[in-house]
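What follows is a pair of complexes built around chain A, which joins chain B in one and chain C in the other.
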Partner chain A sequence: MRKDLLVLTITIIAISLTVFLLIPNALETLAFSGQEFLGGEVWRIITFSFVHISWTHLIENIITLIVTALLSYEFGLRGKHFIYTFVLSGVLIALSQVMLAPLIILAGASLGIYAVLGSISIKGSTLISEYILIPVLGLSVFLKFIFSLITYPEGISMQLINQSFLHFFGFLSGIILFYIFIKYDHVRKTSCLRKITT
Partner chain B sequence: MDNVVLLEITTTTSILGLIILIYAKIMKNKMKKFVLRRGGIEG
Partner chain C sequence: MRTKTHIVGLDKMLNGGLVRNRSIMLSGPTGVGKSILAMQYLYNGVIKHKEPGLYVTLKEDKNNIIRDMTELGFDIKNLETNKKIQIIGGRINNLKTYMGKVNANIHHVITEIEEVVKENNVKRVVIDSLNHFVSLNDKEDVREIITKLCHKLSELGCTTILVSEKDNQMSRISKEGIEEFIVDGIISIHKANKKSGFKHGIKINKMRGTSHDKETRLFEITPKGVVVYHKEKYFHED
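Presenting the complex of A and B:
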């Protein structure tokens, strides 16, 4: 694996493990809530991605993060795009929550992971058609919801619906951020070339 | 706890990711073999 992707993945896992093991009240102090954010606790917009409330929650997210990092390597997603997408998507969606649902508390790394998967679905089109990759990865956002709908529809809660939509917006933000980064890189390269030639 | 939205991913998503990873690996190897058979990339 590329060194930068490996370092970034290990760093995210290490921070998540540290927060889970060493900060027992992380949900109260580090998870994102629009109300607390507006009250001055601005760090929550970054820290909520590293807060997990159970071993299942943590392990599931870590396993998917590793798979996502492997996919990023295979499809050639650069390390800086990986981390910018992971952090920025969380920030953007948390900010939208400030206006839409300030009382909802967000915790977990999956927003960032789904955003990276969104970027991969575009970047990976060099190997696998985007007509396969986007629907397959995009559908995975609603897997839990679809599974509940088939097996136990009465068990569908507002939390599950919120979770599915947040994951979907994470995935979508990953696609949009990917195009923004590509455009930015192109503009930067063009200006560098212009400087060299003049 | 009622208003907490846990951003967790199901194991199925990881399995789906792994399947795509294996498929991508196979496609990459196929492309490599194709390029080698044609005597490398010209130019």
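Presenting the complex of A and C:
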């Protein structure tokens, strides 16, 4: 794996593990809630991505993160795109959450991870058609929901439905952010002559 | 269709001017007035035909170019402020450093030139110099790069002068030795010598789409810009 992706993946895992093991009340102090955020606890908009509610939640996200990092490497997503997408998607969705559902609490790296998957679905279209890649990766967002629907439909909770939709918005924000990055990158690269003009 | 340079004598040698939408290489050793001639071509385009111009500099800063041309009586500053002539670029080392920083390549530079041409409806373009431009390329075939640049500018309806530097001793017209096969026309300038009365020489080596004067004529940088004496022959010093 490329060094930048490896470092970023390890860093996200290390921070998540540290928060989970060393900060017992992380859910109360670092998770995102619209109310607390508006009350002045602005750090929550970044820190919620590193807070996990259980071992299952943490391990599930670590596995998805590793798979996503490997896919990023395979499809050539750059490290800076990876981390910008991971952080910015969380910020965007948390901000929209403030307006739409301020009482819902956000915790976990999954929003960022699915956003990176969204970016990969566009970036990878140079290797695999976007008509295949977007539906396949997009479907992974709803895997947990589909699995529950097949195995234990009575167990589908409102929380699971909310979670699936949030993951889907994460995926969508990743696609949008990727297009913004491409545009920004193009503008930067095609303004060299004008930038050095003195 | 012709694009008049309005440089005394040169349009006569060209039978009325440059052929529109073509790329012409202006070749010569250092200090013979290539950049002045090229800028004068843009200046006259704006003043006489209201045709916006673009000057892509890869060796001098914009302010130096404006200052030098002002000394010769060409009010480039005013035209530049009014966006009639755009001067973009700077020293090649600065450009290479910046391109490295943003991971850009020569194709991005071509795209940028294209964008500026479209934005300002540019009709006359100067690339100064082609040698520096080619040095931005580290991977691809030089021939393909120059062909792409010329085709893009031609498609956009521009008549382009590509300034090319060569040593006075060089028997070839261009440095790489392949540019002359790609461009539509070649105008070469020879350094002044005793025999020519210390005036430079100018010759049209090739011009697709028109007949032209085959002789080398006298060429001089005067306090009011460059002048071509289209009736006077230049004598090479052997």
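The rule is simple: the second predicted complex is superposed on the first by the 192 of 198 C-alpha atoms of A that agree within 3 Å, B and C clash if a C-alpha of one lies under 4 Å from a C-alpha of the other, contacts with A are read in each partner's own complex, and residues count from 1 in each chain.
One rule holds for everything that comes next: a contact is a pair of C-beta atoms (placed from the backbone, for glycine too) under 8 Å apart; a residue touches a chain by one contact, two chains touch by 3 or more.
In this text the structure is predicted, and so the values were computed from the model without any measurement.
Of the two partner chains, chain B is the only one that A:I53 touches; chain C does not reach it. Within the superposed three-chain model, A:L143 lies in touch with chain B and out of touch with chain C [touch as defined at top].
When the two complexes are overlaid on their common chain A, residue A:L100 makes contact with neither chain B nor chain C. When chain B and chain C are set side by side, the one touching more residues of chain A is B. Residue contacts after overlaying the shared chain place A:T68 against chain B, while chain C stays out of touching range. Once the two complexes are laid over each other on the shared chain, residue contacts for A:T190 go to chain C alone; chain B is not touched.
By the touch criterion defined above, A:I10 lies against neither chain B nor chain C after alignment on the C-alpha atoms of chain A.
Contacts of A:L21 after superposition: neither chain B nor chain C is touched.
Contact residues on chain A toward chain C in their complex (touch as defined above): 188-198.
On the side of chain A, the complex with chain B involves touching residues 27, 31, 53, 56-57, 60-61, 63-64, 67-68, 70-71, 74-75, 103-111, 113-114, 117, 124, 127-128, 133, 136-137, 140, 143-144, 147, 159, 162-163, 166-167. Chain contact summary for the complex, chain B toward chain A: residues 2-14, 16-18, 20-21, 23-25, 27-28, 31.
By the touch criterion stated above, chain C contacts chain A in their complex at residues 56, 61-63, 87-91, 94-95, 98-99, 102-104, 108-109, 111-113, 115-116.
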